[in-house]
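Structure below; questions to follow.
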Amino acid sequence: MSSVAFIVIAILTLAAALAAATLPKLIHAALCFALSFVGVAAFYFLLGAEFVGLVQIFVYVGAVAVLIVFTILLTRHDVEKDHGFNWSGVAVTLAVFAGLIWAVLKSGNLAPTAAPVAPLTVKQIGELLMTDYVWPLQCVGVLLTAALIGALVLVLEEKR
Amino acid sequence: MRGFIDQIFVNAKQQILSLVAGAPDWLGQIVSSLLNITALLVVFLTLFALASVWERKILARIQNRLGPNRVGPFGLLQPAADGIKMLIKEDIVPARADKVVHFLAPILIAATAVLALGVIPYGRNMTPFAIDGGILFFFAVGSTTEVSVFMAGWGSNNKFSMLGAMRAIAQMVSYELPLIITVLPVVMVVGSLTPDAIVAAQGGYSFGVLPHWFVFTPWGAVAFILFFVSGLVESNRTPFDVPEGESEIVAGHMTEYSGFKYATFFLAEYFGMFAVSGMAITLFLGGWHAPLPFLEFVPSYAWFFAKLGVLIFVFIWIRGTLPRIRVDQVMNFAWKFMLPMAFACVIAAALWHYQGRRWAGALWSLGWLVLVYMALTRFLDAGRKFAPRTYRYAE
Amino acid sequence: MSDWIVSHLWLIPALPLIMSLGILALASRNAAAGLAIVGQAVALILSLAAFVATLATPGYRVFHNFTWFTFGEQALRLGLVLDPLAAVMLVMITLVSLCIFVFSVGYMAADQNFTRFFAYLSFFSAAMLGVVIANSLLLLFVCWELVGLASYLLIGFWIHRPSAAAAAKKAFITTRIGDIGFFLAILWLYGRSGTLLFYDGGNGALEKAGLVTLGASATFVALLIFCGAVGKSGQFPLHVWLPDAMEGPTPVSALIHAATMVAAGVFLVARVYPIFSSGAINGVTAPLTVVVWIGVVTALISALIALAQADIKRILAYSTVSQLGLMMVSLGVGGVAAGIMHLLAHGFFKALLFLGSGSIIHGCHEEQDIRRMGGLRGLMPVTFLTYAIGMMALSGVPLFFSGAWTKEEILHATSLWSPSRVPHYLMLAGVVLTALYMTRQMVYVFFGERRAAAQHAHESPPVMTGPLVVLAFCAIIFSVVLTPAWPWLHDYLSGERAHYDLSQLIQPGLYLALALVALGIGLGVLFYRGSGASDPLEHAQPALFRFLANRMWLDEFYDGTILLFARFAARLSDFLDRYFWDGLVRLFAGIGQLFAGLTKSFDERAINAGVNDATGAARGLGRVLSGWQSGQVQTYLSAIALGMLALLLFYAWLT
Amino acid sequence: MTPTLQFFLIVSAALFCIGLLAALSRRHAIFILIGIEMMLAAAGLNFIAFWRFGPRPAPPTGVMVTIFAIAIAAAEAAVGLALVIAVYRHYRTTNVDQLDHLKG
């Protein structure tokens, strides 16, 4: 896996993510969010997990981003006025980041480079989903159904 | 000889690549990708030009007119003239618009359309980007169209654009489910998400005449129709062109676009149309396979583009025939009919498979589909009352 | 066809059942009668097919058993059987039922519960057919009880009449008394021989092996079963319910309390006859002797009572009782075939008589008192003729009427009974009495001058007279297969080949029967000719007449003894319940309350105090803690993040 | 040089912290959701990276976990946004600072 691609994708992803976190306009933030997730998907491709990458794009860019955008539209009147910035969070974030980086660098005994790996085909994943992971799959199905119904119930017009 | 003509483009690409054989492999990859992309762009831009003029002429015939016939022979150069006109038009950007978003929207939408075109097998060994799970890629890319439409609507900061964008997103999201679920049966039956595998699975003929295209199985036929209708919606074609209904909201999310950006939207719409048709051909119409055994001497890509042309003609035909559908009707149709039918198709495919993929299976799945269809129509008619018209998605 | 019907025997009872359910489901007055009649007709055709199938070989018998359910290691098995006995019963029941259904269409036309009526009727015939073809004592018992239920429902069909309700209750309870015995018999039999199947390819309860395993207890089993029979077919101690059962609609009386259900007792005895006759010394066993004497007493008593009744239907009811007694006697003395033949013949002509009485009652506007009728022969000719045929068949006018031959057979059988000849003579007297009271009824109803109710009498519609004609025809034609000249049915029932021999036609017994019947009819005409509203016997023997008219005060006797005891027992238990047990319960409750009070005070004094302190402390703590609860999501989030950081550092410190 | 596992871990840590930043310091409810999604994605990236660099042959547990994580994240986003809409309908605001009715 080429370092060029890695650097490019990393820069893209992190920049987009940072923009998503800090841009004053919610819409731009949402779009950058989608972009950063495309970047994450690209990472997955780079790491040889194509299926996951596709699912990532599919779910986040296709569905979640659209959902966010729709929510922004429905709460439009509240979007314009700026809610300000909570600076206390920055300190915490920096602390956590420092901690994480320290931990990562401290733990040296990790595989230096990736062993060559046979690409994980969709067929294998599907078979795994249907054999070893069938119960998680069912649970996720139930969860999604519940989430769907719950979301519908939440946004129903309450009768007055 | 036949093989030569069939593989001519593949061989040509190999020749060109052999020139950079010595270079590091990343260069080779880049070159081959570039070749693919250029081929795609050339072919489909030409096709776009042809299709635009073709559409206008066919619509004219349907409406008992002559259509463009001045520029060039039979008006074949009409698109060139249109292109020039578009290019030299002034590019207006509204003052209050969100400049960046407004600028990015058409690029993104066109780019995604081209990307979607990349995974379709156009002929034997002629898949530009043969990735495992290409189907998924196709839909993943296609699903980003909504974001770009939204960008267009929001960016141009205009009431009509916003309404159009919201309508577009609403109906696209609604119709993406049937669109994808109607693909499931095919994927289940073939057992692969790779377009080439799916096309390969549709080779061969029963009794030497009936090709093994999935459209010739009951579930396949129904799934194909559902897929095609959803494709109409996804590419915002009549009768589902509510988002850009000129008569209600000037041109929907394209209202504030002019000149080349507008042309880009136009191009994106056509590319979307091509992409959906190509996917439909790959999934249901046997890809580049010939309809009859003795016709196989015709090169595969020729068959693909012939089928593409037929589907485009159907698109145009429908546009010339049907009036626009109301928004709430569109949504109801999606959620109350298309989605259940799509799921029924999945089950029908399972029946077909477990009954041995023979006549018994066909009968079973047919019976099941008919059953579901009856039930659905009964249910919908029961619930139908002709309420006064409401703009639920445009308040 | 034949083997088909054998394998589909279950259809015969199933059809009427389905029809009755259908009637209840549709609840449509128009469909009801049609459904019932169609179901019954098809059942009749099937029964005829079954009958034909049994003609194949003498002693024909097929059965197929199935397992109902399994408990432990032994399975409870039920089954169906088809043999001559069942076949003739099937034909008789379905034919009579069909006639009566048709008749009811006319008779119940005005009733607003038409639908319910036909549902009940179909239900009844289903249950009855089930009784007939059951091959397991349990299945038979189930259908038997269902028959009882149907009879209960139908007697009390006019629920708004208190008398009807009372009669229904009486019938139900009285037959229950017998059925207790029957049930005990079933338990005993199962406990002894481990099977309830009649025929099971050699090890059924009625076959050699089963009887051997049953051994000496066969006597008790037989007697207990006979209790059931006594209850169901109104034998002497338990006969009191049958006359009251006439509160039901006349078709019901005809179908259930004359033709079919009451005959079920006789049928039961005939069905399990091997148990009765097991270990017999030249055809005599203790249970059979009991059967004989019960039969004799019943026959005579009820014949006498019938002599003094005024209600046309009650007369017929008592005559039914006496005829059933007659059949019991014949079974008891060993003339099984004769008994069953009489059962069949009786089924036809008694149904005929009842329907005729129904037609009369209908014609006379619901009048049932024969002393208020008279001279109807001109007004309702069809009814008159058919009724006359029925009467002659019942009283046994020889040669042309079915009753005669069967009676003669029975008399013949009794005459051969070794232990004693008393039953024979008593039965002869019974014949005379039968002829007498039937003549009395005829004279009262059809001859003499027209009395009050007869003024505006009218003939019934063809839908009612039609069945009469059919049944009358049967009553006559039936005599052909009964003649000793060609004792076809007899041999068919007893599993032999019939042979034709005209010389058998005239026998000494025949002269005797002729003489007795002539005597009876002659006496009847002599007595009652020209008698007005008052009864000649009443003039002659007032005391005797009252004795008979009040049914020998048997009801009063039961009322004074059994019911009195029952009421006493009820009161006693009520008293105990109220004062003794209730007192105990109250006592325990009081104790409970005492303890409850103690614990309550303890809780309040001791525990609650501590709890209150604890809760107070907790509340204070909570107030403090809830101060930190700012409601700011992001504060919480940052707290979580810092917590994670702390964990991370802790982990790093550990390693 | 080719990127080793640490690089991916650092990137995912950075992504995680950016998500945390968004969740902690932006007052608009939707930003909090975006942040949470980012953190989830960072976790997924970690899983994939560990799977990729893990010993061979290994069952693709990391991939599976990521797939399920994505599905769950989608559900969470749906419900969360529905909540935002409901809250907005009720209080006419999406500012989480004003939504403190649960304070003790």
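Details
Labels for the chains are A, B, C and D, by order of writing; each one numbers its residues from 1.
The rule is simple: contacts are C-beta pairs under 8 Å (C-beta built on N, C-alpha and C of every residue); 3 or more make two chains touch, one makes a residue touch a chain.
All figures in this text were calculated on a predicted structure; none of them were measured in a lab.
Contact count check for A-B and A-C (C-beta pairs in contact): higher for A-B. Chain A and chain B have Cα centroids lying 28 Å from one another.
In this assembly, the C-alpha centroid of chain B lies 33 Å from the C-alpha centroid of chain D.
The geometric centre of chain C is 80 Å away from that of chain D, both derived from CA atoms. Shown for chain A are the residues that touch two or more other chains, namely 2, 51, 55, 63, 70, 86, 88-89, 92-93, 96, 100. Touching of two or more other chains is recorded for residues 20, 23-25, 27, 97 of chain D. Inter-chain contacts, as defined above, occur between A-B, A-C, A-D, C-D. Taken in their complex, chain C has these residues touching chain D: 625-634, 637-638, 641.
Those residues of chain A lying in contact with chain B across their complex are 2, 25, 27-28, 31, 34, 50-51, 54-55, 57-58, 61-63, 65-66, 69-70, 73, 119, 121-123.
The residues of chain D lying in touch with chain A in their complex are 1-11, 13-28, 30-31, 33-35, 37-38, 41, 44-45, 48-49, 51-56, 59-60, 63-64, 66-68, 70-79, 81-86, 88-89, 92-95, 97. Across the interface of their complex, chain A is touched by residues 634, 638, 641-642, 644-645, 648-649, 652 of chain C. For chain D in complex with chain C, the touching residues are 20, 23-25, 27, 32, 96-97, 99-104.
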